[in-house]
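Consider the two complexes below, in which subunit A is the common component and subunit B and subunit C are the respective partners.
What follows is the complex of A and B.
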């Protein structure tokens, strides 16, 4: 791929706790293209946030990126960065926004200072304080904050949730980074504001052309926005592909389950919300076969014994599931319907 | 704001009244009184009664309390029974030396504990943290009179570097001379009050460093030390304001132990002497003053807090219908 911005190869991250080694991310590989949106989807604890922190060099003790992992950013191996290189990388080339903007903003510092800080950190002396302030105002205008001048002088608690997330986005984008990592940026917001923030991010991408890694547990959030979708489960990528492939031709039972658990307005409202039974496996002792096996309604004997190979279905669509093996008995497996309402 | 102040005044009045009743009662309940200084066994009962009347001790405790209260409300703190001088004048005369000693030790202890606590929290569980925390434990555990005596033994008796007692050398009155006299009492005071502050700041720093905004600042490429001093420091200091507010009382009342140990001519050692003599007008004035300043210190801390923390300021403004 000629337009690759980030290329992650065999990334493994473990947390060394008293209970043992928690294998949060177990050898994942994916890439992000310039100016495109890639969504990392999965439930809590699947390793999606850890992956994003690894990209930013924010894995802290007792976490450790294991030998053999590689993250190429614009052709450079970021895992070999020194602390100084990381500092100039963070915020400048790759910015990050977080789930809860209220706790991600320093409560005792004015908004203006917090936005400007990012640019100040990466200012080589060419910008004056006044110019930085001007940039901050421009960014606030860009993210749709009315009266940006007054906003600079406010404290985080004086803004609404949606406004705070806009401020976070303005802060992240003020340096014009080539990648924006958004870690559940809309989870803490109510639905109408969610839609506005997603719209804003799409809009900014059109104007500024940054790549986005969108981390979410909600497939509904990324349906309209992501170019590529990566579905993660228990530290591994179970399925990845283009947006259309994932939505119209999902091949992994976990992807089906995720889709079915998105609340739908077009169905009878008496119908119960579909949940995925069971919990994710213990990541200190990951199962030797497929991690989803214990929760999978279509599990076969082989699933408990061997980790499924990643199968390339063509056009960048990959899946790791034994059901896609030619030897599997797939009669009764609802490939066509995507697993919906198979009962 | 007016409503808050009125409410505060009412509260303070009740608290002060209760303090005065209880402390007067305690002085009354203590065995003996100051008359033992003036009465000897070979005096006739009439002479004894005369002395008692002169001292005002022939009346009951309740009567004397009410008399005292009537005058105290007018701002008259009465005469010391032992010195026969106005209590207020005597206290005011000793105030500057106490303020000097206590203010300096407060500043020294803050100036040392804040950076030490921050660094200990930042370097949590490393040898740096262990050294600082160990030092804090030491300061907390060692009684200040004992540490003071050790200092006197070392710096006065063995090394002959510093004077052991008083505020001035005889006949000398230079700032440098006073400073030399202050070193040991200030260090002794600062050590004990520093210890708890270091532990406070350390715990707060650790808490603040795990906050999401620290991660967000890191994601902007801010360096660890900048995060510590630009972001974490202010949030860490908020609870310290409360502690300093409570320490304010001791700024004026001084310290019984340190002032007595180093012969510092301040309010603490003066009150200590008055307690020995059961000179109740001095004791009462002293207690009322410390009580008042303690209550006011907390009030001032509340106000300072609202300046430092914008979230609380809004709460206060909202309560006033702004």
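What follows is the complex of A and C.
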């Protein structure tokens, strides 16, 4: 039935700093389907980038993936990979694009070399230099760069922000990976250029069929791009499900507040925006109960004491919130939950 | 329409920078608008369109190249020292980056009190203290924060300190340059709510610059759209979004992602091709002509003037006469 590409189970990542153990990711489980886009959403510091780094084997000291974590990629356990296996995995089966293309591309290397480098590294000898060059030109055409021949001879600083982002996508996709991780790929771009890049990513996904993990804080981009959404808060997944379920039927107060904290361009409404008071908790000493408890207007006594279990609402929609317990008193909660109304 | 007195009047303002080799970078080229008392004017546009330069020149932070900016009838760029001093007591600014715009060596108290001291607004130490604490309270911080250092605060809290500092001299005009773009989504809403409340309570006039169009629409009464140093459209906020007249405005609005999957799918997107041309060597005629799908020969040659097409709705485009 489900066409699972990546299966993450109980992933925990901590950074051991002089101040103590920063628990960036605290036992999260999710899966990514082939050919689908999964969006990881959350505020800065919620652990979304660390999660993507763990998938790429890029957690460096003082960071450590904790015992009991598992990441299955196409049936193989990547956390047991040797460095050589990682080398062949990165770039070939799983590629990554970043927020700032100017920083991510080598400024002293011509575009042609940068694109070809990824393919050369994973070349088993079957491709000649001419074929690699040909493939680089094809990729540049595919990502919509006019005059790809000339572009191969340029340096990154000669291109605009949008063009650089296209080059980075071409570099990532030249090996035809089955998973593309995009970490805030359009945050640094202007809206009209952002629209072009998002359209390009959708188009490439249709043609090449890769799965995409999209990390972003822009809910507009998520609504447009994602098939599935994972909402993270303080190193945990608070809610996950299909795009429309998350947008139209959020069950976690954090998700609900996120959805209502951005004004809508297409609606005329000058009401006060929903805000989330307070700040994210200190991840060296994460709270005993639900991490969102101190900022949650609907928090109950139980929330401060016990971490809420993940509730399966069916059809892939899961939520970790005590309001979904049948015993919860949910009068005054502005969204649907599994709790009972006690008048 | 707004019948209140004009607070800021900008006529044919130009700001050029030297780009070397005798070339000029035309950051702001022939921009005119007015802001009435108690109004919020939002300026939107992509990076490099000149919106920040325009704002800075308007409040005299940058010298102008040509044109005129009048604040309450006085030319901002030819004030005497005394007039300039009074002006800074009435016009304040909130900056984009709350990490860079607060002095890390100063305590929060001193940051906020600086303006009060310079403009001698407090009669004695006790009154100064009372004023600072009131300001902290107003922006949602408390008294115990006053003696802390800036590095102890989060981005959202720092932006609140920046707002308290701006309000310390009891200004009438606030220039907000991307005040929320460095903040997380949940914090952005807090700051926007705060600014809107303060504006209502104190009858502030605001010039609000941002590239986040949904936020600008939420906070502004009127919005100006800039492209490559020109103001291409100026209209009441709701009207601009309902009925954009300039092809660039239309494309810009349609490119903004909407946080609603169904609405997002049903919407017609207008994809602009190409990039913004260089402001050092902008196209002759309409600046947008190279990317516009309705382009005619006239657009390439003659630059359209900003004209009032409907009451209060200005557009600079040859399509609308």
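The rule is short, and it goes like this: the second predicted complex is superposed on the first by the 323 of 343 C-alpha atoms of A that agree within 3 Å, B and C clash if a C-alpha of one lies under 4 Å from a C-alpha of the other, contacts with A are read in each partner's own complex, and residues count from 1 in each chain.
In the analysis below, contacts are C-beta pairs under 8 Å (C-beta built on N, C-alpha and C of every residue); 3 or more make two chains touch, one makes a residue touch a chain.
None of the values given here were measured: they were computed from a predicted structure.
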Fit or clash - subunit C, subunit B, common subunit A: fit
Touching partner for A:301 - first (subunit B), second (subunit C), both, neither: neither
Touched subunit A residues, subunit B compared with subunit C: C
Subunit B versus subunit C as contact partner of A:91, first or second or both or neither: first
Which superposed partner A:128 touches (first subunit B, second subunit C, both, neither): neither
Touching partner for A:17 - first (subunit B), second (subunit C), both, neither: neither
Partner chain in contact with A:3 - subunit B first, subunit C second, else both or neither: neither
First (subunit B), second (subunit C), both or neither touched by A:108: first
After superposition on chain A, the shortest CA separation from subunit B to subunit C (Å): 5
Residues of subunit A contacting subunit B in one complex and subunit C in the other: none
Subunit C to subunit A touching residues, read off their complex: 46-47, 154, 156, 184-190, 192-193, 196, 211, 213-215, 217-218, 238, 241, 251-264, 267, 269, 271-272, 275-276
Interface residues, subunit A side, partner subunit C - complex: 43-44, 160, 162-163, 190-196, 198-199, 217-224, 243-244, 247-248, 257-259, 261-266, 268, 270, 272-277, 279
Residues of subunit B defined as touching subunit A within the complex: 211-213, 215-223, 230-231, 234-235, 238, 308-311, 314
Parts of subunit A lying in touch with subunit B, wherever the complex brings them together: 56, 58, 86-92, 95-96, 98, 100, 103-109, 117-118, 121-122, 155, 157-158, 168, 171
